[in-house]
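Below are two complexes that have subunit A in common, paired first with subunit B and then with subunit C.
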Partner chain A sequence: MVWKISDETAYDTLGEEVRLTINGVPIRAPQDQSLLVTARQNGFEIPTLCYHRDLPSEGHCRLCVVEIGEYPRTQIVNSCTYPTQAGLVVQTHSETVLQARRLVLELLLARTPKAKLIQEMAAAHGVYESRFKTDDPEELCILCGLCVRTCREVVGVSAISMKGRTPDKQVATPFMEKSPACIGCGSCAFVCPTNVIPYTEKDGVRTIWGRDFELQACNVCGNYIAPKYQLEHWAKLTGDPVETFFVCRDCR
Partner chain B sequence: MPRFESIDHLREYRRQLIAKRDPNQPQVLVCAGPGCLPMGSEDVAAAFREELEKNGLAAKVVLKECGCHGLCAGAVRVLLRPQEITYQHVKAEDVPEIVEKTLKDGQVVDRLVYEDPHTQEKAAHKKDIPFFKGQMPIVLRKLDVIDPTSLDDYLALGGYRGLRKALLEMKADDIIDAIDKSGLRGRGGGGFPTGRKWRICQEVEDEPKFIICNGDEGDPGAFMDRAVMEGDPHAVIEGMIIGAFAIGASKGYIYVRHEYPLAVSRLQMAIDQCRESGFLGKNILRSGFDFDIKISRGAGAFVCGEETSLIHSMEGFIGEPSPRPPYPAQSGLFGKPTVINNVETWANVPEIINLGADWYADIGTEKSKGTKVFSLVGAVNQTGLVEVPMGTTLRQIVYDLGGGIRQDREFKAVQTGGPSGGCIPPQFLDLPVDYDSLQSVGSIMGSGGMIVMDTSSCMVDVARYFINFLYQESCGKCTPCREGLKQILFILDEIIHGRGQEEHLGLMEELCAVMSAASICGLGKSAVNPIRSTMKYFREEYLSHIRDKKCHALVCRPLLKYTVDPETCTGCLACVRECPVGAISGKKKMAQEIDQELCIKCGLCYEACQFEAIKIE
Partner chain C sequence: MDLPRLETILSRYEGEPWDLIPVLQDIQDSYSYLPKDELQVVSERLNVPLTQIYSVATFFKMFSLIPKGKHQIKVCTGTTCHLKGSHRVAESLSHRLGVEVGYTTKDMQFSLDTVGCLGSCAQAPVMMVDDKYYGRTTVDKVPKILKLYK
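What follows is the complex of A and B.
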C-alpha cells in the first residue's frame, strides 16, 4: 500500500502515522486526521454536504457517516470529525451506512424538495421521492452551516449565525436586522451549496442580507471590484490606505 | 468560622462541635425543599419561631429550615427529633398545637401524621412509614436534618472527612483507584464509569485542567439535583474538591439551571464558607493544593445539559452539542481536559472516600453500584424523592415506596429517565432497576426521573407529549434529530387525528434507526426511546388508533365520539347552550341528539351535563 499525501492533509494537523483498515483494505495514515480525509486520500468516496476543506467540520448533515468497529460491536460515526486512530476498522459503504445516508437524504428532500443538489444526491442514492411531509415547498436551506462558518472563519466578521432550535432554526443576522458587521463580501452566498442566500448586483449596488453595498469600480478598467465597505475593511485589517485596493486583481 | 490551618485543627474543631451538641435536644426541622417551599415552609417556620418564643422554648429547641424530606406529597413536612416524628400537610395554624402537644407533652398530633392510602392506618414515626423503610439514603442522608446554610451542621455529620482523608492519606492515583473500585457510574444520564473518566483526564498531559458540576437538570418535573444543591451544597463541593485534587484541576465550575436561584445562593454561600475556612482557595488545609469554584448560570435550554453543549455555553458560544471525540476529559472547557459530572455523582464522592470503595461496591448490582435517587411522580399515591440501592425492583418503588396507584387504578407503565426514556409495561415490574436492565427493556436510567402512569393514560398521547418536548428542545444542528423528530411528531399527530396508516409504524421505526445511530448527541440518539418502547409494548393501542380510529383511554379528543344517552337525558338543554358549534339539537324536556358531522369534540357538553347523559366512546 502506497501512502499518498494529497494537499488536503495540509489542512489537518498531521499526527504520527498509524495503521487502520477501510473496507478491508489496510491503510496507513496520519493519526487524528479526519477519517473522511483519510478515506478520500485512499480512494474511498464518502458523500458530504457540510464539509469544506477550508473550514472546521461541525458534523451537521450526517451524510458522511461510516461504520466503525467489528461486528457485533459496531458504531455509526460521522467521518468528517472522527479522528483516524490506530487499529480502526472502518466501513464506508455497509448496509447500515447506506441506509442511514438514504434516510438522511430522504429527510432533506422533504425539507428542501426544490434544492437541485439534494435532488441529485438523493437520486444517486436511489431516493427519488420522499415519503415524508414537506412543510415549505420553497425551502432551500439545508442548515449545513457552511455560510456561518465561512463568515466566521474565513471572512472573520461573524455577521450571521444559526438562530433558534429545531422548530424554527434558520440562518440569520443578529436580531433579524441588517447586520452592521456584514461587509457585503458575498462569501456566504458563494459557499452555499443550495444557492439560497439572496444576493443581487444592480447599477453598482450589491444587496445581501437586506443591506445595500455600493460597489467600487477599478480605477484602471472600470469593472466592479467589491463593495467599498469591504475594501475599507481590508484597509483596516492591513493598515494600507483604502485606495490601494481600488485597482482590480487583473489590472494590478 | 475559623480558618482551618491544618488537618488536626479541623479534627479538633469537629470534636468540640460534636461534644457541644446534645443528641437529645429537641429539634424542629421544617422542610423548605422544592416541594414544600411553595406550600408555605416559611410561614410554618415563622410560626414555630413565634410559638417557641412565646412558650419560652426558643433556647431549648433547635429550629431549622432544611432540604427536601422526601415525601413531598405531604408538603409542608416537619420532622421532630429526637423522636423522629414526621408531620405532613403542616400549616402555620397547626404549629401551636404541635408545640403544645408534641414538644411540651411528647404526644403525637394524630391528624398530621401519615395515613396508609389503603388501610388508612396511621404512622407517626419515620421508621414506620413504608415510603422511608425501603430506602437507603446516602446522597439524601443529611437533607432533612441539616441547615443547608450551616457549615457546622455539615461538619458535625462528618462533612469534609472524605476531603481530609483524600488530602492526608491518599495520593491522586489512590483516589481514582477508589472511585474506580467503588463502581460509581455517572448519575447524569450515560452511566459512564466515573473513575475511568477521571483517569482519562488525569493522564492527558495538558494544563490547566477543569472540573464541572452539571446542575442543569433539564428534565421537566425532575428535582433530584436541585434538592441536593439546595439541601446539602457542601456535599457537592466536597466531592468536587476531592475530584479536582485527584485529576489535578485548578478550577471548578458549577453550572446551575437558571430557574434555580435558591440553589445558586446556597451554593454561593457554601463556597464563601469554604474560602473562609480554607477548604477552597490557595493551599487547601495546608496541603499545598490550590483550587477554587465558580458558579455559572445555565442558558436555559434542555440541550444545554449535554456536556459539550454545556461547555460551549460556558465559553460564551451557542449551546449546541459537538461531535465526540474529542471527549471533554481530553479536550473540554477552553480546549483543556475537563471532567464533567452530575450533581449526584459528585455528592457520592465524599462518602466513597470516607467509608471506602468496598463499602460502596457492596451496595447495588453487579454492574451498577451504590444507590440512585429518583424523583417519583405521576399516578402514585406518594410522590417525592426516593433513594434506593441499585437493583431495587420497579414494583418496590411503585408499590412499597410510592404506595401504589392513585384511586386504586391499574398500573399501566412507568417512564424512567426523563423525556427521552422509554415506557416500561407491567410485565417488567419485577425488573431490578439498574443501568443495564433499564436499557435492556428499551429505557434508560437518565438522571432518575420516574413517571408512573395508570390506565387513564393513552400511550400514543404519552409518546406524542415527549416527542413534542424533544422536538421543541432539539437544537436542530444535525439532520436526523431535527428532521426525524419533526416527521415523527407529524406522524403521531396524524395517528391522533384518525389519519394514521399502518405504514406509519414502519416509517417511524426507520426514523428511529437513523436517529439513534446518526445523531450528534444523546438527545437525538435517545429520543427514539419513547417511540420504540410504546410501539413495542403498546402496539395494539397504536393499531386501535389507526385501524379502529379509537382511543380506548379516551384521551385523544379527535377520536372520541360524543353521544347523548336518550334514557338519561332530561332535555334540560344545558349542553345545547354550551356547544360552540350548535351541534346539539332536540326539543326541550326531550332527549337531545349530537350531529357527528358538526361536533368538534371539545367536550364542553360532557362537562355541562349534570345527569351524565353525555357518553364518550
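What follows is the complex of A and C.
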C-alpha cells in the first residue's frame, strides 16, 4: 500500500533509552522520539497521511492516533507528535483507536470524495461512504501541509502557506498572487499525496503557482534540467558559479 | 507607504519573530487593515516569511487585508447569543446599513462582522461598536445604537 512507510531506519537517539509497552509488548526506545517512529521501529504499523520522516510533524491529519494510558483513564493522542516516555502504555489498534481512525477517514472522504488515496485508505479501514456533507465534490487537497512544510523546510524558500481557517482553509501563495519566493522547483507538487498542485511543462517553460519558469537545458545532452531560477538558487546556496549546474546529472 | 507610521509601531518591539501578532494588531488598529507593502516590511524586519504572515493574517478574524470602515460593528454569534437570536440583530444591521456581514459600507463608515463569543454571555445578545459593548440588544435598539455613530 502506497502510504506505508515502514523503512524507519533512522534511529536518531534523541534521549536516553526508556522502557514502555506497545500493544502489551515491552519495548525500549529513545525518550522524546515520536511514538509513531518508536512503534514503527518495533514493527507496529500506524497509518499516516501528513507524516514525513524528513519533515517536522505538525499533526494535521489525525490518522496516526493511538491510545495511551490504562483503562479507564486512557487518552487518544497523535502518535506523530507525542513523545516516547518511560512507562507509557500504548495501544495502536484498540477498538477506540480504530473507531477514531474510521471517523477521520469518513471526514476526509467527505472532504475529498474523489481522492484515490483517501478512497483506498478508507476502504482498508472498512469505510466506504461518509455520513458528512461534501462541500466541493472536486476537492482533492486533504490539507496535510506536506507541500507547505517541504517548501519551507527542505527547499528553504517558503513560497506557499495555509490561508484562512476551516472550512475555507487552503494552500496558497501570499495574497493569492505570484509568489516572489518561489523558485519553480516543483517539490510541492512532487510531495503532494493527492497530486493536486497544478503544474505544467511546455516548450521549455514550467508553470507552477501561476508563474512561468524558463527551463535550463543541459549543455551536453540538451535535456531540460530545472528552472534557471532554481539553478541560480543553488548557485547562491553553494557559492559556485551558476554555470556549474548547466550540465545534467547523467552527463556529469 | 506610510513608513514613519510603521516605524513607530515597529519601534515598540524588539523585532523578534514572536512579535508578529502584536505588531499586526497595532497595524490593524492604526490602519484599520493590514496593507500589503507594510506586511512586506514586517516580514523583513521580524524575519518571518511573508507566507507565514499571510497565514496568520488570514487565520484570525481580528485581522483584515482590506480596509475596514471607520466604525467596526461586531455581532456576537457565540452559542448563547445565537440562542438569544443574535442573527436577527445582524440581519437588521445588515439591512439598515445596506451591507452584508463581512463587508464595509460604501462610505467606509461601518464594517459589519459576526464573531465568536465576546465573553459577556450574561448580556446576550451582545454586539460591539469599536470598543464599546451593547448588551441585550434587540432589533428595536439597532437604529438607536447606529445613530450614536452617524
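Basically, the second predicted complex is superposed on the first by the 239 of 252 C-alpha atoms of A that agree within 3 Å, B and C clash if a C-alpha of one lies under 4 Å from a C-alpha of the other, contacts with A are read in each partner's own complex, and residues count from 1 in each chain.
Heads up, the rule we're going with is that a residue touches a chain if its C-beta (ideal position, glycine included) is under 8 Å from a C-beta of that chain, and two chains touch if they have at least 3 such contacts.
Only a predicted model underlies this, so the values are computations on that prediction, with no experimental measurement involved.
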Answer with clash or fit: subunit B and subunit C placed together on subunit A by superposition. clash
Output check: A:S158 vs subunit B and subunit C. Expected answer is one of first, second, both, neither. What do you get? second
Between subunit B and subunit C, whom does A:A181 touch in the aligned arrangement: first, second, both, or neither? second
Subunit B versus subunit C as contact partner of A:A110, first or second or both or neither: first
Using the superposition described at the top, determine whether subunit B or subunit C touches more residues of subunit A. B
Contacts of A:N219 with subunit B and subunit C, given as first, second, both or neither: neither
Scan A:C61 for contacts with subunit B and subunit C and give back first, second, both or neither. first
Going by the overlay, flag which of 130-138, 184-192, 220-228 or 346-354 in subunit B ends up clashing with subunit C. 220-228
Share the list of subunit A residues that count as touching for subunit B in one structure and for subunit C in the other. 161-162, 164-165
Residues on subunit A engaged by subunit B in the complex (per definition of touch): 58-63, 65, 76-78, 81-83, 96, 99-100, 103-104, 107-108, 110-111, 131-133, 135, 142-143, 145, 161-162, 164-167, 169
In the complex, go through subunit B and note every residue touching subunit A. 301, 303, 318, 320, 322-323, 325, 471-487, 490, 507, 510-511, 513-514, 517-520
So in the complex, the part of subunit C that touches subunit A is made up of which residues? 36, 49-55, 58-59, 65
Any idea which subunit A residues touch subunit C in the complex? 148, 152, 158-165, 172-175, 179, 181
